[in-house]
Amino acid sequence: MSLTLHEDRYFGPDARQIEVARELYRAARDLPLICPHGHVDPRLFSDPDYSFGTPVDLLLIPDHYVYRMLYSQGVPLEDLGIPRLDGAPVETDHREIWQTFAERFYLFRGTPTGLWLTQELAEVFGIDERLDGDSAQRLYDQIAETLNTPEMQPRRLFERFNVEVLCTTDTATDTLEHHQAIRASGWDGDIRPTFRPDAVVNLDSPGWRESIDRLSEVSGVAITGYPAFIEALEQRRAFFKSLGATATDHAALTPYTAPLSEREAGAIFERALRGEASDDDARAFTGHMLIEMARMSTEDRLVMQLHPGSWRNHNALIFEHFGRDKGADIPITAEFTRNLRPLLDAFGNDPRLTLILFTLDETTYARELAPLAGHYPALRLGPPWWFHDSVNGMQRFFEQVMETAGLYNTAGFNDDTRAFLSIPARHDVWRRAGANWLAGMVVRHLIDEADAHEMMTDLAYGLAKRSYRL
Amino acid sequence: MSLTLHEDRYFGPDARQIEVARELYRAARDLPLICPHGHVDPRLFSDPDYSFGTPVDLLLIPDHYVYRMLYSQGVPLEDLGIPRLDGAPVETDHREIWQTFAERFYLFRGTPTGLWLTQELAEVFGIDERLDGDSAQRLYDQIAETLNTPEMQPRRLFERFNVEVLCTTDTATDTLEHHQAIRASGWDGDIRPTFRPDAVVNLDSPGWRESIDRLSEVSGVAITGYPAFIEALEQRRAFFKSLGATATDHAALTPYTAPLSEREAGAIFERALRGEASDDDARAFTGHMLIEMARMSTEDRLVMQLHPGSWRNHNALIFEHFGRDKGADIPITAEFTRNLRPLLDAFGNDPRLTLILFTLDETTYARELAPLAGHYPALRLGPPWWFHDSVNGMQRFFEQVMETAGLYNTAGFNDDTRAFLSIPARHDVWRRAGANWLAGMVVRHLIDEADAHEMMTDLAYGLAKRSYRL
Amino acid sequence: MSLTLHEDRYFGPDARQIEVARELYRAARDLPLICPHGHVDPRLFSDPDYSFGTPVDLLLIPDHYVYRMLYSQGVPLEDLGIPRLDGAPVETDHREIWQTFAERFYLFRGTPTGLWLTQELAEVFGIDERLDGDSAQRLYDQIAETLNTPEMQPRRLFERFNVEVLCTTDTATDTLEHHQAIRASGWDGDIRPTFRPDAVVNLDSPGWRESIDRLSEVSGVAITGYPAFIEALEQRRAFFKSLGATATDHAALTPYTAPLSEREAGAIFERALRGEASDDDARAFTGHMLIEMARMSTEDRLVMQLHPGSWRNHNALIFEHFGRDKGADIPITAEFTRNLRPLLDAFGNDPRLTLILFTLDETTYARELAPLAGHYPALRLGPPWWFHDSVNGMQRFFEQVMETAGLYNTAGFNDDTRAFLSIPARHDVWRRAGANWLAGMVVRHLIDEADAHEMMTDLAYGLAKRSYRL
């Protein structure tokens, strides 16, 4: 993987298309970054002495995009320093881990992870050398040294990266103490929480009962039944909103929605409190609560995000030894036309609701999502998600969604990452892929350059800002 | 959206590909238009004084492709003059409606509707200015003025558009009085009806019982049971054929087919007459009648079209207030391999049958439809339908279908439109997209130029004409 | 179809991409062919006097890719000399059949079959003329004459084609006498068997009971129950391995897997022996045996291949008159995330297992297969299969799989063909499509040329060799 970042990368290959793309990209390159959905830890910004640790602490151990690929090629997670739940020993020599990684960096050729890492190494760490077994220790030194400089303080990087606003993702029971600390610190970086209630809404979440107790505690509402549960959620949403939240986020195995009566919902909730909820109960309750969350959004105007379709923790052995979010989540087929109909029946025509849909099943782009978003006022489509957050994934999204949904029913980009240092590279891929898509339409005379310039600004900045009410 | 129509639009971007595409396109550009499937009102041609009304009557109110996009961005249908079923007031000032539309015409950037409208405004109305809030009233005047000229008489446009034949779509109970009037008028434009029996074949069609009474009336067959129903349908098919029909058309939620015994079919039909048919009855009866319709086609040689996969009237509120065909039909997944097997078992090898398949689920192109059409003599594949009738949709169709099905198992283009004035633009997109696809194969040496020229003529003209026996 | 083979065919269309592709291709063009999966008859190499028969015997009668297309356009299989099961007369005049074929060779424009045949005619038979009705008899003569030369002896072609290793596919009960004869002959061509136990593992295989008797016979294990069945399979695997096999192959309608207890498996097997197994039994047993086969692979290290998703013998009439493998197999949707989980639970993390997955449902590429292969150490992805073994099919595979799975979790190419003479053309399409894909990344600066050269060698040679342990 070359570490030379070509100024025309990801454009073309047609020469006239490259020329137009370059011009569009230049006009958008320096726009501030809007980061409306992601998983950056707010402690980066609340703790003025925050340190990223070693190069391995920064780039490998927290990034399941990276170590899943090494694992797929036979490297045990223990050898990469990923901590085991049972405390069994794992490799602790970070130089050794780095060497293992560097020798296999060729596995990332042509992958988005490869592109992001390459750009991050170049632009944040000034590295213009290929990472491989030979250069491994030299580059380790260079990264480690840079990490020790004051320029690597997260607040300074936030400014250097030109981030206008960054939203974190926080459980419904989070006290948002780090968000409060950021606000109290006097630093004016715009960091906002996002309300994610999966752990209390999905009855089959591990530790659900404890999460409910915690929800009682933080909300001050004794959750003895369904009405109190709803009240507590509304209380938490108001609290999140008071700290700047403009959105909620919801995960579900499928986008199934169906309303329950107050009585039915109450009965299921009580069974769950008694530890007696079935799988069917859990599915029905999630399907009901998604509608209930849409209802709340029409009242408090928090933008609603739905991320369905990931089969979490597919690999039982990895889950048992290492826990969740270890690169073993696998997509399944998704169905929106039937599943979302009850929610849309209730609130799809309501101008107060914005529901942003994501998918890991690209077959739904042209078949279901674009037609739905091209009709219902409440709907917007989020950018390509996770495995599809890539040069080809974006091209498929543009080509399969935009003709039917129209650009203005999409919600711009979000980086959806835990890796703060990769944020500029991720937005850069989007801006370049977007410029190239628009340039392709310009040179084929589907749109003119004036249109393309306005669309470029919206793709890079305006759509995300407006869709998330930021 | 620029209103300058570039002569090389939709070609490329590669310069050599553009050159070859241009040459192929030129050879096909002036071939007559074959319009074997669409929804143009035959009154345009039976009434010598037919008027299109205002620009809004022409371009917006009848076109759900247009107003669904405005609705998705928060414009109430009432503000666009779409009539409500309850007669509640809607906007009647067409200049005001036009202004609302013009200010939002940017929403159509990069969409097929944008391309068609732009070309229609340019070529039919001589407009070379961008439609936006500023130009709105000026262009309204220009369109309104042109609409009042004798050149805008539909029969003259039919000739100017170089339409060789245009097939309408008509319910089984239609008396085809407009078709009869056209024939009686002495005008020699070739307008033909198409037999579409969904309203009597799908037991769950709204007003099914009244449609059956109407079928009794127009056929002169008292429909007291299933055998009489079949007899009445055969009578109507013969009547349609006598007025030039060469095809039938069938919609169904899925392509499910399965034969019933005469006794089973009769029992379901009698339950339906008594108003007691269940959802399962309706599904079983449609699945049976598709095979029965194929049987009739082997006898009368009417080409059979199947359009499955659209969930009609997805938005309950819009359906309640405005009725059907209001831009709220959403595709679902389709499955052909299992579903069509019983029909193909019965008639798939019969040289008398031509069954043309359409889909809104592009995943079936390469997986099911191309392998099926590349084997069964009775099958042909229709062009990209509805949301996929677009530059990218056509490219996906060409790339995913042709390698396996072969060009000669496809059925050319049809415009499938109610908007008569958009017909030239729609065929133009197909011819350009087709030329570009072929040019791409020529410059990559997959075919030579002589092949490409023959394929171009077939794509633009021959395949539709032969497949529909026109 | 032009018979001039352009040296840059399938590259581009962008000129810089062509230049890079050409250079990559040249570096890989002369690498030996690794053929780890296919259906060439080993008799070609065991019988020193093997003859290919007439041009029709060689190119048409055994190739359902060819005659399915003619059949789809109304040519009866009888007219093409395809033998009927009932012995009813079929056309025997091969010059007449050839004429019928040649007059319709235009049907193959833009299809992979067209490309392969064109290249085969040019490179094996020296034909530089277009095959059509006029040239038919002249070319028949030329092919027939060439077929009579000593250069057309299969062993000499094997060497001329630069095949390094060729694996056949053989039923579990095969005595591998031809493989033994090849070994005994002293010829050093590397021909290996592959163990395919479908006929004994899938209880609903036609003639299952007879296959079990045959398995008893060849293994020397009296199969009176499930434990003996397993023992016999293990015995056969060892026998295949002793003759060079490095892999097994498994077909199933779906990739469903689920373990049965020894008792459950035994009960089903006994029902099957008594001729009383149900459809559910068959499905459960196949789902269990796939896991059992993976278990055996962890012990004997045979690489496991899984080819699911083909609905065999879709056309009942053709099956009745002509039997299986007559171009009437149609793909269905596939689902891997849920279905493979039990197998992966058991052996997905086992470094001894390599399981190579194939699909006819391209929607699984990006959604399921790439994420699975990008995580589980045991998984590799096979190349585009059957209908997707084409220029466009390969491009879709590269674009949809590689970003997530990474190149190194794929298994290179295999030709999967019965048609020995088409092997060089098939590998050539892969090498050219691969070079073009890599070149596209080079010119868009996603990878550099040094990376591309290494990837090219792996695509063309290394990945297949290493994945199949050859």
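As written, the chains take the letters A, B and C, and residue 1 is the first residue of each chain.
Note that in this section a residue touches a chain if its C-beta (ideal position, glycine included) is under 8 Å from a C-beta of that chain, and two chains touch if they have at least 3 such contacts.
On a predicted model such as this, the values are computed, not experimentally measured, just so you know.
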Fraction-based call for chain B against chain A, same above half, different below: different
Superposition of chain A upon chain C: rotation angle, C-alpha, nearest 5 degrees: 120
Averaged-CA centre spacing for the pair chain B and chain A, given as whole angstrom: 40
Where chain B touches two or more other chains at once, by residue number: 14, 363
Contact set on chain B toward chain A in their complex: 1-2, 4-6, 8-15, 68-69, 71-74, 106-112, 115, 311, 314-318, 327-333, 360-363, 387-388, 390-393
Chain B-touching residues of chain A, taken from the complex the two chains share: 14, 16-17, 335, 337-338, 341, 344-345, 348-349, 351, 363, 366-368, 370-377, 379, 399-400, 402-404, 406-409, 440-441, 443-448, 450-451, 454-455
